[in-house]
Amino acid sequence: MNKPVHTRHGRLIAVAAAAALSLLILTACDGSGAKETSAADGGGVGTAAAHVKITMMANDAFAQQWQDKLVPEFNKEFPYIDVIIDSVPYTELLAKGMLNGTDPDPQYDLITLDDPWTPQLAKVGVLYELKKDATPWTDKSFDWSDFNAAPLASSEWDGKQYGVPLRSNMLMMFYNRSLYQKVGLAEPTPELTWSQYLKQAPSLVQDTDGDGKTDSWAVGLTWMRGALSPPVWQAVLNSNGGALFDKDLKPSFDTKQGVAALQTQVDLLKYAPPGAANYNYTEPLDAFRQGKVASIFTWGSAYKSAAVDPKVTRLTPEEVGIQTMPAGSDGPSTHRGIWSGSVFKNSKHPQAAWTLLQWMSSKKGEVWTTSTLGSFPARKSTLATAPTQAWLAPVFKALQSAYDVADKGQMWRPRTPESNAIQEILADQTSAAVQGQTSAADALKKASQQITDLLKK
Amino acid sequence: MTATAERTRERVGDIPRVQRPTVGRRSRGERTRIWSGVIVCVLFLLPLVWMLLTSFKFQRDIFTTPPTVFFEPTITQYVAAFKNAGLGPKMINTIIVALGAGILSLVAGAMAGYALSRLHIKGAATIGVLILVSRGVPPIALAVPMFLVARTLGITDTHITLILAYCSFVIPYVMWLMRGFFLSLPKELEESAMLDGCSRMGAFFRIIVPISAPGLISTFIFSVILAWEELLFALVLTSRKAVTVPVAIAGMAGDTEHGANWGALSAAGMLTVVPVVILALLVQKWLIRGLADGAIKG
Amino acid sequence: MTVEPLRGRIGGTRRASHRRDILSKWAFMLPAALLLAAVLAYPLLHTLRISFSTFDLASFSPTEWVGFANYAAALQNQTFQSSLIVTGVYLVLALPLQIVLGFGIAYLMNAGWRGRGLIRALFLIPMVVAPVVSGGIWKMILDPLWGVVDWFLGLFGVSAIDWFGNATISMVSIVLIDTWRSVPFVALIAAAALLALPKDVFEAAKVDGASWWHTLWSVSLPMLGPIIAATFVVRWLGAVKMFDIILATTNGGPGEATNVVNLFIYRQAFQLLKFSESSAMAVIVLVITTILTFVFLLGSKSLEDRL
C-alpha cells in the first residue's frame, strides 16, 4: 500500500478495500499527485482519497438552485470535486469578483458574470483564457462550435474567450393573446414592425369589463432610470441597422435614427399603465401577469413565471405568446443578456473549476439544466431538441431566432471595460427623455458628449 | 419604573422628575393628545400592516386592482424565506453581530463619552466633534479598505470582523449620546466616591454606570438597530459563514431572472422586525426614561 | 484597579500625581481610541491615499501619486455636481420636516397613559425594516395602478397621483418615505428631551395666562434649543448618508433628479470600479460635511449663549 492512503480518508477506504482493491490502488497513485495542489498543473479533479474543493460566487437568482440540484448531478460524474456555491447580490457581484480576483489567497475559483462585465475583469487579467490556458483540461468532446455565436461572444473580449454561457437570456416580446383578441387585432408575428406596433398601441388601451374605465393597457417595459432601460431603444436602433458605437468605439447614436429610436420608447409610455414611468424590471412583469398589459418587452427567462406558474401569474401558457421584439428595416430586434461562467486566474484548482463549467455547458449538461431547472441553453444542438417541458417549445424557437438576429445586428451592450459607465450615462439621459425633462435629441446629444469625454480618459 | 431605578433617582437629587401617568379623570385636551398620539402611531404602522398582509399572499395576489385584504392566505413566502434564502443561520449571524457590536461599542463608547464630558481633557471637545463628524463619511470609503485589512489578516467572513467594522459608526454614536447623558449627572457623585478611596475607573463602574443604566440601555437599543439593518459593510466583508439578513434580502430583491418576489421580501422583512420588537418591548420602560435623563445636551 | 485613587494627590509629589491623573483620564479614551484608530482612522487614511493616486485594479492598490487630479476630475464631473445639489435639496426638504414632525409626535407620545410604552416600542419598527424592503413596500403602496394610497384617495374622487411621475414629486415621495423611516428616531429622542423639561415653567406660563402659541414660542422653544440643535446634528449626519431608500425606489431617477451623492459614489466604486475617483468624491463629501457640522455646532452654541 502506498503512503498517501494512510490518511483519515485512507482508513475509510481501507474498509471498502475488499470490494474495490484495484480502484484503491489507482486512487492512491493519483492521490500522491493531487496532494501537491498548485495552479501550474491545474490542481487535478480530485480522488477518493483527496477531494478537490472549489467554490463559486454566483448571482442570487440561481445560486441556491445550483447548489441543491445541479451540484449533486455533477457529482454523479465527478464525485471527487466538492462544489460550494455562494450567492452574492447582483449589484455587488462584479466588485466582489474583482476583490477576489486580486486576492493572493482567493476564496473563490469561479464566478458568474453578467453580459457586460467580462471586459472589465479580463482587462485586469484575473480570468483564465479558456481556449488557450485551459486547453489541456478541456474534454475532447467539448464542442465550442456548437454554441450560438451571440451567447458565446458575451464572455469574449479582445479576441479571447474568458467564459462559457451558463444561463442565457434575451430581451423578448411577450403578448397576451386574450387581450389582442378582445380588440380584434391579429396576434403579433416576428415581422411586426415598431411603427405598426406603435400604431396598434392606442387600440390596445381598453376597457375589458365595460364599466367605462380603462383597465388594460398596451405595453410594459423598463422606463425607470437604470441600466436596463436604454437597451429598449437600442433594440429599435439596431433593428434599423443602426449601432450605439462605430468600430472605433465612437458614439454613433446621436443621429436622426437614434433620436427616432429613443422617441419610440418615450412614446410607448403613453400607452402604458399609470405609474409606468417608474417601471423597473419587476413592475411591468407583474402588470403582465395580472393581465393588465397586452405586451411586454422583458427577459425571456421570465416566461415561466409569467405564463406557467399559477401561484405567480393569472395567465396560462396557451394565453402567452413569445417572440423577438418588433422589427425594423433590418428585421426583428432583441438584446442579449447572458450569464457566463469564468475561472479566476488565481484559482488553486482551475482544472476542477473548468471541469464544472464544461459539464454545465456541455451538450449533456445543457440538456439537463434546461429540462430540470428550466434555464435557457446556448447551444444549437440543445435548441434543436424537443424540450421535455411543453411550454419550452415556443420559447426555444424564439430563442434561436433571437440569437441569430442578435449576432447579425450586434444587439448587446458596448464591449469595453467602460461598459457599465457608458450604461449609466445612457440611463440618466434615457430617463430624462422619458420624463419629458429634455427632448430625445438633446438627451442623446448630451449622452454622446459625456461618453466621448469618458472614453477620452 | 423599577424600584432600583426609583431609588437611584432619588439619590440623584436634581434630575427632573419624570412625568407620571395622571390618575383619575383626564382633561379633554389630554384625551385629544392621547388619541392623536395613537392615530399617528397607527398611521406610521399602516405600511407595515400592508407588508404583513403581503407576506401571507401568493405572488399572483400581491398586485391586484383594487388592492385586496381578502385573499387565500399562505405561508409559502415564509417557507421560501427560510428555505431558499437560508434566513435561519443568517438571522443568527445578524443577532450575534448586532449584539456584539452593540455591547463592544457601548463599553468603549460610554467610557469615551464619560472622558469627553467630565474629565476636561485638553482637546477632547475637538476630538469629540471629529468623531461625531466621522458619522458622515460615505460608508463606501471605509468598506473597501476594511476589506483589504481583513483580507491581509485572514479574517474576512467572520463575526468579529463585522462587529469591529460596525464599531466604526456605532461608537461615535454611543459616545455622543452618552456624553450628553453624563453631562447631566451631578459631579459630586464620583468625587465623593473617589474621596472614599475609589479610583476614577472604579467610580465610573461602581457609581456612574449603575445610575446611567437606563441611558445605557436605550443607547444600546439604538446601537443594535443601527447594526441590525446595516447592509454595505456586510456585503463587502462577508461571503458565507457570517452573512447577515440584510444581505440575503438585498439578494432576493435583485433577482434578475424572475423579478423581485415581494411576498418573500415582505416575509423576510417581517422576520427581521420581530426580534427587535421583542427586545424593545422587554426594555421599553427604559427606552425613553434613559434618554429622558438628559441624553442630549448640545 | 490600576489607576491611582484621587486621594494619592494629597500625598505624593504634585507633578507625578498630575501626570498619573492625566493617564487615568486617557485610560477612558483608550478602548474607543484604539478601536476607532483601527476601524475608522486607518481606512480613512487609506481612502485619502487612494484619492491622490491612480488605482491599479490588478494589484488592487494605489500606485502612482497624481496630486489633486482625481479631485479636479470629480469636481468637473457634471453628474457629481448635480448629485451634490440634489443632496442639498433633499436635506433642505427632509431635515426641517423630520425635526418638526419628530418633536410634534414626541409631544403626543408623551401623554401619560398606560399604552405609552407599547406605542413607543411599536414606533421603533419603521427603523428596523431593511431599507430595500421598506422602499419596495412604499413603491407598491404608492403605485397609481395597484397602490392602496391612490385607491383610498380614489374613494374621495381624487384622481390617481403618479408619485414617481416627475422629478419634483419623486423627490417629495423620497422625502416622505425617508421621513417615515427617520422620524421615529427623532421622536424618541425628542420625547425624552421633552420629559426632562422642568414642568413649573409651563405652570407659571399657564398661570400668567399666556397663549399656547406664546408658551411654545417664548418658553418651550428657547429651552429646547440645544436639544433640537443636537438632534438636528445627529439626524443631519445620518441623512447625508442616505441612499438605500432611493436605490430601492427610483434608482436616482427620473434623470438625475434623486441621484444623491452617496448613491453616485456607491455606483462609481461598486459598479464602475472607479476607486480613485470615488475616493476623491468621498473625501470631498467628508470635507463639506465637516465644515457644515462645525457651522451647525457653532451656530447652536452661539444660540445657546444668547438665550
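We just call them A, B and C in the order they show up, numbering each chain from 1.
Everything that follows uses one rule, which is that a residue touches a chain if its C-beta (ideal position, glycine included) is under 8 Å from a C-beta of that chain, and two chains touch if they have at least 3 such contacts.
Chain identities (UniProt): A = Sugar ABC transporter substrate-binding protein.
Given the structure is predicted, the values throughout are model-derived calculations rather than measurements.
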Overall pattern in which the protein chains touch one another (line/ring/star/complete/other): complete
Distance-maximising chain from subunit C - centres being C-alpha averages: A
Interface with the most contact pairs, given as the two chains involved: B-C
Between subunit B and subunit C, centroid-to-centroid distance (C-alpha), Å: 15
For subunit A paired with subunit C, centre-to-centre distance based on mean C-alpha positions, whole Å: 39
Where subunit A touches two or more other chains at once, by residue number: 91-92, 95, 99, 286-287, 292
Residues of subunit C touching at least two other chains: 60, 145-147, 269-270
Per-residue multi-chain contacts in subunit B, two or more chains: 62-65, 144, 250, 253, 260, 262
Footprint of subunit C on subunit B - complex, ascending: 16, 18-22, 26, 30, 33-34, 36-38, 40-41, 44-45, 47-48, 50-51, 54, 62-67, 104, 107-109, 111-112, 114-115, 119-121, 124, 127, 129-142, 144-146, 148-149, 164-165, 167-168, 171-173, 175-176, 180, 184, 191, 194-195, 197-202, 204, 218, 221-222, 225, 228-229, 231-232, 245-246, 249-250, 253, 260, 262, 265-266, 268-269, 272-273, 276-277, 280-281, 284-285, 287-298
Footprint of subunit B on subunit A - complex, ascending: 57, 59-62, 64, 84, 86-92, 95-96, 99, 103, 105, 107, 114, 167, 169, 215, 281-282, 285-287, 289-290, 292, 299, 301-302, 304-305, 310-314
Contact footprint of subunit A on subunit C as seen in their complex: 57-60, 78-79, 139, 143-147, 160, 162-167, 170, 249-257, 259, 267, 269-274
Subunit C residues touching subunit B - in the complex, by the definition given at the top: 1-7, 22, 24-29, 31-33, 35-36, 38-40, 42-44, 46-47, 60, 105, 107-134, 136-138, 140-141, 145-148, 151, 180, 183-185, 188-189, 191-193, 195-199, 226-227, 229-231, 233-234, 236-238, 240-241, 244, 248, 261-262, 265-266, 269-270, 275, 278-279, 281-283, 285-286, 289-290, 293-294, 297, 300-301, 304
List of subunit A residues in touch with subunit C within their complex: 91-92, 94-95, 98-99, 102, 120, 124-126, 224-226, 273-275, 277-278, 280, 283, 286-287, 292, 420-421, 424, 427-429, 431-432, 434-438, 450
